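All chains are identified by letter, namely A, B, C, D and E, in their written order; residue positions are counted from 1 within each chain.
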Amino acid sequence: MKISSINPPPLVSANVTKVEAQPQTSFPVLPAKAALFSRPAWIGIAICGVILCLLPILNLSFPDGHVLHISSYTVALIAKFMCYAMAALALDLVWGYAGILSLGHGVFFALGGYAHGMYLMRAIGRDGVYQSNLPDFMVFLDWKTYPWFWSLTDNFWYCMALVVLVPGVLAFVFGYFAFRSRIKGVYFSIITQAMTFAFMLLFFRNNTGFGGNNGFTDFKRILGYSITAPSTKAVLFLITFLFLLSTLVLCRWIVNSRLGRVLQAVRDSESRLMFIGYNPLWFKLFVWTLSAVLCGIAGALYVPQIGIINPSEMSPANSIEMVIWAAVGGRGSLIGPIVGAFTVNGLKSWLTGAFPELWLYALGLIFILVTLFMPQGMVGVATKLKQKFSASKESA
Amino acid sequence: MLNVNQLNQYYGSSHTLRGVSLNVEKGKCLSLLGRNGVGKTTLLKCLMGVLPTATGKVTLEGRDITKLKPHQRAALGIAYVPQGREIFARLTVEENLLMGMATKSGKKASLIKGEVYELFPVLKEMLQRRGGDLSGGQQQQLAIARALLAEPKLIILDEPTEGIQPSIIKDIGRVIRLLRERGNIGILLCEQYFDFAEELADNFIVLSRGEVVAAGTQAQMNDASVKRHLAV
Amino acid sequence: MTRLKKTLMIGWLCIQSMAAQAAIDPALLKSLAGDDPDIRIEAVNKIAALANDDATRILNALNTDALYARPNGDVLIIDDNKPVNPAFNPATDQSGPTPDDAEGISVNNRLRGVVEGALSGLKLFSPDIKRRQTAATDLLKNADPAQIPLINKALQKETDPDIQATLHQVIATANLHSPDAGLRKAAITTLATSTNASIKPALQRLLEKNPDGSFIEPDEAIRIEVVRTLAALDRQIATTDFIGKVFYGVSLGSVLLLAALGLAITFGLMGIINMAHGEMLMIGAYTTYMCQMLFRKFLPGALDAYLLVALPAAFIVTAAVGIAIERAVLRWLYGRPLETLLCTWGISLMLMQTVRTIFGAQNVEVANPSWMSGGVTVLGSLVLSYNRIVIIFFALFVVFAVWLILNKTRLGLFVRAVMQNRRMAACVGVATDKIDMMTFGLGCGIAGLGGVALSQLGNVGPDLGQSYIVDSFMVVVLGGVGQLAGTVIAALGLGEVNKFLEPVAGAVLAKIAILVFIIVFIQKRPQGLFALKGRSVE
Amino acid sequence: ADTIKVGILHSLSGTMAISETSLKDVALMTIAEINAHGGVMGKQIEAVVVDPASNWPLFAEKARQLISQDKVSVVFGCWTSVSRKSVLPVFKETNSLLFYPVQYEGEELEKNVFYTGAAPNQQAIPATEYVMSKEGGGAKRFVLLGTDYVYPRTTNKILRAFLHSKGVKDTDIDEVYTPFGHSDYQTIVANIKKFAAGGKTAVISTINGDSNVPFYKELGNAGLKATDVPVVAFSVGEEELRGVDTKPLVGHLAAWNYFESIKNPINAAFIKKWKAYAAAQKLPNAATVVTNDPMEATYVGIYMWKQAVEKAKSTDTDKVIAAMSGQKFSAPSGYTLEMDATNHHLHKPVMIGEIKADGQFNVVYKTKTTIRAQPWSPYIVGNEAKQKM
Amino acid sequence: MTELFNPKLPASTVDNSRHSDHGTSYARLKTEGLDTTHGAILYLENITVSFDGFKALNNLNLDISVGELRCIIGPNGAGKTTMMDVITGKTRPTSGTAFFGQTIDLTQRTEYEIAHLGIGRKFQRPTVFEQHTVFENLELSMKMDKRVRVSLFSRLTSEQLGKIDEILKLIRLNGQESRMAGLLSHGQKQWLEIGMLLMQEPQLILLDEPVAGMSDAETARTAELLNELRGKHSIVVVEHDMGFVTEIAQQGKVTVLHEGSVLAEGKMSEVQADERVIEVYLGR
């Protein structure tokens, strides 16, 4: 029974019937310092970046009905996808490279969201239903003052610090104990699921003080700007894009460093790594915490643009979906999760509208087909096609 | 009894076995020699059906088995001792031995023949221990015992002496000789331990870069032309 | 209420005195069908007072919505099960076809309470011992001095010691406020063995003071007795509470176990992160529903046996679905556990939607067969429901069967070997394809059996599986992946911990505490409760 | 355009699909019926159905899609209060219309929403009064049992204040919440039993969704009968009872503004239409479909919107809002419902039914006339000033 | 951050000047940070390892001198691998102590700490990072700062590249450096693992059956290699190939383990002649 680790399949798996090709490079010099991205990749990123940045601008500058107009629905949708992509990217860092499969990243996403949400709730001021200083949900619970953990949350920057710290500290503490006890593979995945489930139940309780099932919604303004104003939305969109891009570059830089290779070694054989003198604990803890923080930031960007954060973000199913984005796009590739997040969510948005009764069949089928026919995800297919293409060019 | 004709195998685009042909006769032992990485294990895996072959034909007692699955080949009487032992780590030693008789049916399958305990007394002491807990050499002994229990027509051994103490290597040698003398079983032995191979072989072939570069009878094994292919 | 008690007495006397009597007065019946609740209650009481077979029949009909009225004032008992002349007119003693204008006579809780009270008074003299027991227990709820003569009569006739004890307690409860100090004291002493928590307030009231500072109960000795009885009662209640919690825990544990067992095979043994496991439970439950429907349609007489058919049916259906999934999809994914997560997630979405398309998004009704409805009362007040008891034993049975299959059969040996080293198993001659298929089928089939059990406790709807999937994974992992014994202990342990925490912390915090407990526990034993140690694990 | 688009925003998958799917079907039936009679202002109505999948953020997204992408004139949708709260900002931002057909907790009044379900004073309070009455069993102690979210919390807050006003002490009130989807009610039922030992007790249940079945099953098997401890529920209707074996539940209560068992020609026609529609559309279990209160509220809502559009001669949001006030409609409940001139709520009758063995309700109480909604409950401090709204 | 990611480094405050020439002294090695005053680099004292009552090691006593090349032989299951497990921290002994130098008790250390101290190991079954290239396998093993921050920022120097190149040639995998290690044949993996060991530049090298699966010619080469390393490192070799053992043991000590404790010790020729060794191990 070999399921103690749920790492990506080894290339030489025990029961390959179709034997993978081995990369046959000729033997020249030793590998030089690797570039972050290849030139075509940079060009691709630049093109995507320009297109994305154009969306909110087109939305603002052309009236509804104009051919060049992009509806604010589309812009909001893309903004959401970017947040999801960032979360998937963060997940890929720990899963694709360090082999740590988290089924609980939703909790970091949500905590980042809640941290930002606290500020947004405070920023509503007395414009809520009850025109109280307190958020509506505290009023219906008969609370008279803010509980201690809400103090200072009217300060934007304090909340931004929370966005980083809360997921970061939680991940650090959780990871420290888990990795120290050498919890691995499925066991780790399942306890992360237990963690997110526990948090979800906790946040569903109204008494916990985060709005229970409703969570936070009905935001009015951010840093004094109306949150529904198109220009605010455009700015948030661009900020999200910048964060996504920087996260991608950061992650790429990390996995290209020696640390990246150590992480991959952690994934494949943690015990062997110890015998050559690495302490896997700190390596794992580093990426795990970093990943949680990135996920938290993604959540923080998500909340003002979507307009609601509630505990269902912490439901195990949501975390599993993140895993699916990464897998569909192609894990262990960084670009893959972004592609996957856009594809899966794009399909979901389209199908729920176009085929409200059939979309689950379609989505389910896609997951099955992707795993059966694209084991390396969409990016894997692209790489294969490229290889084929260049091979045929060579032979020609 | 086992006939291999012009076998070719590829790992992706690399051509690992190039037109390998060989013949194992009943009651004879064929030694397979070659340096590290020339494709010996690959060849044996192809014969067992674990790896697919691109072209070529494998027959057992005249029957074409090229397309058969491993378990079908096992049922026809091929037993395999793989390199790296591959015992069932979490089954007990006893269960591992029972697995050796998977191709048999009913009552026969539940009686472990005392012969293997004579051969490998240590196994008897360890019946209830998990296979994976055994020492490397004990595992190797277990793997051989498991193959013998199948009472095969053809036994394929991939470096069976690896990690085994000298006295037991001698025992294993004795067993193989015994099997050979019984005359009803073919043996395909891949071995790096030249002296051991030489002692047991009736015939030999040498692989280099996936090709058969030398073949002959036991008497010819010490020829310089053969040694050349084995030198570093 | 007083009227009821009087009626009971009168009723009793009437039984004694009355011979068979002519049909019931139509005017009385008519007022039953009226609008004014008080008049209707009076009518019920008067009918009860008749205390003959017709009266019982009418009251029973009223209680089961089988009493109808026509605009012309006729009141009819309509028995839908009778093929010919289902409508019986008690006023004329004649049966006939159901008239078109017959309207059901509606009963509300208040009236139903009166009817039930009347019926249970009558039932005290029933030849059926069970009915007498229920009647006596019912009386305990509303004991009143006015009933004492009636109960004494019943006592004289009563032979069953349990019922006698209950009746004594009824009398004692009724006597709590008797003006006679001796009677009060005797009553209080008798009640020391009571398990009926509802007399606590009455006893406590005896200890309170009047506004003027004097005790409500003037007799000091009685007050001491009250304190003693209250203490005994509290002890009794505490014991009952404890046993109750243990039972609830075992019951919850058995549910978790049944939900998780299939997963212990598909995930624990085969390494398939089977997110569609919940849907296998669901399919099992829907199969139960189908069986019930078929029985209702074709074998209404044997409806109670539908579960016995549902068990094999659910096993076969889910195993078949499982095998289909394995053949179509999973067999390409061995050795790639994560892909199985993705794939089975997709399958789970599709299965849910399929069920939604076929059966609708709403829950469907699965009724407990009558032998699993209700419960047995132990220790006076603790009700252990039959469905839960049956499920506990069923869980044990399934565990035993699985254990037998995996550890005592050749199939089990092959299964374990294939799951550990598929290639080598093939090399020694095991048809791994077949074993994979059968193992997954077995795991799913067992999940199907779990589904049958779950259908007896909760919802049967397309989402049924979703609520068990997380718990199932927790149980398997806590027990130690691939360890059947671990799964059993983990399930029962979680059930007990949950049930002992719940009263203290509430349902949610208890659940959170358990999750935290699992997380912490795994730190201590990173491979679960029943972890394998040593080299063989690597 | 030659059609008028309307959006239908009900979950067709996920946990809420149990309740919401049939609302989508009723909405489609109503629209088909209106179209068959010539549509609205001579134009056909085109329904755009989306599936927000019981996911609150997705509700907001789908609402925005309906409004800004599909350009619908009005949206009929939502069930839970939380889904309504999550779409509200979108409707306000885009100044569009939502018709919300489910009973809720009040404490809200949005210009862009019309509430066709009950406010607390049209359901919760009369039901509590009933169980306190002699006819209802004269309950003295109360277990307020609910799912932990805004609707039960707020409703129970109102009820507690109401019970206080009736002289019930806090020691006689037990308030218990379980999470969505809670399925093990052993402990809670045992506790109810213990609590009930202290005097005549009624359970006021605001359990929503999937938990009702396990709760009622446990209740039935633990031998707590309606004559001992009646349970009065606000979210259990005919549709929910389809999934329960009702025999052990006979006598437990529910409060609504409509029951299928009400006898009047409009209701008979409504039921008949629905059954025919279900059969024609081959809905699952078409043979056993039932109607319930939120379905009626959906039906009424769509018709009232049609009337308002025709009165306003426009689908413009502000014009329709203006035209809505005072709209009247003869509803299947047998009463003529009226949209309040100011507070966007319907005047509705209150009915209380006891569960029958066949899964229908035996109506044991109903108000003589319709009652005006009080979205701002007078039992909540601070709402005094809002009573005129 | 840096502080957090610093694994505890061994105290390295030992005065090297106190080195003296006690006992069997081989070469004078620089044992950085290690107190080897008594000339021994490793002492195993009364080590017992028991698995559910079965004693894999039974009161084992053994010491290895600085710069010594020690061969250990013994029947299958004698406890040789278990002994290496104890030394490298993989298995905690039930009782007994294992001292590295004079002061460091290995039984209290974790695997990576022990590796840091300068003990390198080749496993009985080749274990390499199968998903990494041959080059990366060597790079990861290289002796250098192995903390998080450093691995994030550091780049290989040309000196380090040279070192890798050198080892690649030594293990005859040059030209294969960008192949995935998982694709190598069994024997090639054995070599790679030896290469990884050399990259670590450990003070004490533990080799568990280094020539298993190698042809005679390769075995000879390995023997050569070990003879080259002799004196530069302290080496413990476990092997069943008597020819090989004879080749490398030369005049040094050979230890025979049996049932968890030392059965015999002495020169190869002495041991081979020992009746008990012949009985349990060599066979007749």
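Here is the rule we go by: a contact is a pair of C-beta atoms (placed from the backbone, for glycine too) under 8 Å apart; a residue touches a chain by one contact, two chains touch by 3 or more.
Note that the structure is a prediction, hence the values are computed from the model and not measured.
A.B. asks: Taking each chain's centre as the mean of its CA atoms, which one is most distant from chain A?
C.D. replies: Max centre-to-centre separation from chain A belongs to B.
A.B. asks: Please list the single chain whose C-alpha centre lies closest to the global protein C-alpha centre.
C.D. replies: Answer by centroid distance: A.
A.B. asks: Taking each chain's centre as the mean position of its Cα atoms, how many Å separate chain C from chain E?
C.D. replies: Roughly 66 Å separates the two chain centres.
A.B. asks: For chain B and chain E, what's the span in angstrom between their mean Cα positions?
C.D. replies: It comes to 31 Å between the two C-alpha centres.
A.B. asks: So, what's the distance in Å between the C-alpha centres of chain D and chain B?
C.D. replies: 75
A.B. asks: Quick one: report the Å distance separating chain C from chain D, using the average Cα coordinate of each chain.
C.D. replies: Taking the mean C-alpha position of each chain, the two centres sit 29 Å apart.
A.B. asks: Give me the residues of chain D that touch two or more other chains.
C.D. replies: Residue numbers touching two or more other chains: 12-13, 148, 177, 179.
A.B. asks: Could you check chain C for residues that touch two or more other chains and list them?
C.D. replies: Each of 352-353, 357, 416, 420-421, 423, 466, 482, 508, 511, 534, 537-538 in chain C touches at least two other chains.
A.B. asks: When you check chain B against every other chain, which residues touch at least two of them?
C.D. replies: In chain B, residues 11, 90, 133 touch at least two other chains, as defined above.
A.B. asks: Give every residue of chain D touching chain C within the complex, in rising order.
C.D. replies: Of all residues in chain D, those touching chain C are 12-15, 17-18, 20-22, 134-137, 148, 176-179, 181-184, 186-188, 190-191, 193-194, 196-199, 210, 213-214, 217-218, 220-223, 226-228, 230, 239-240, 242-245, 247-248, 251, 253, 283-285, 354, 356-357, 359, 362-364.
A.B. asks: Could you list, by residue number, the parts of chain B that touch chain E in their complex?
C.D. replies: Residue list for chain B touching chain E: 11, 33-38, 41, 83-84, 122, 129, 133-138, 140-141, 159, 162-171, 192-194, 230-232.
A.B. asks: For chain E, which residues count as touching chain A in their complex?
C.D. replies: Of all residues in chain E, those touching chain A are 4-5, 7, 88, 90, 110-113, 115-116, 120-121, 127-132, 135-136, 139-141, 146-148, 151-155, 161, 164-165, 174-180, 182-183, 196, 200.
A.B. asks: Across the complex, what residues on chain C touch chain D?
C.D. replies: My answer: residues 37, 64-65, 106-110, 112-113, 116, 141, 196-198, 200-201, 244-245, 248, 251-252, 255, 352-353, 356-368, 373-375, 377, 381, 383, 385-388, 457-463, 466-467, 498-499, 502-503, 506-508, 511.
A.B. asks: Can you name the residues of chain C that touch chain B in the complex?
C.D. replies: For chain C paired with chain B, touching residues are 410, 413-414, 416-417, 420-421, 423-432, 482, 532, 534-538.
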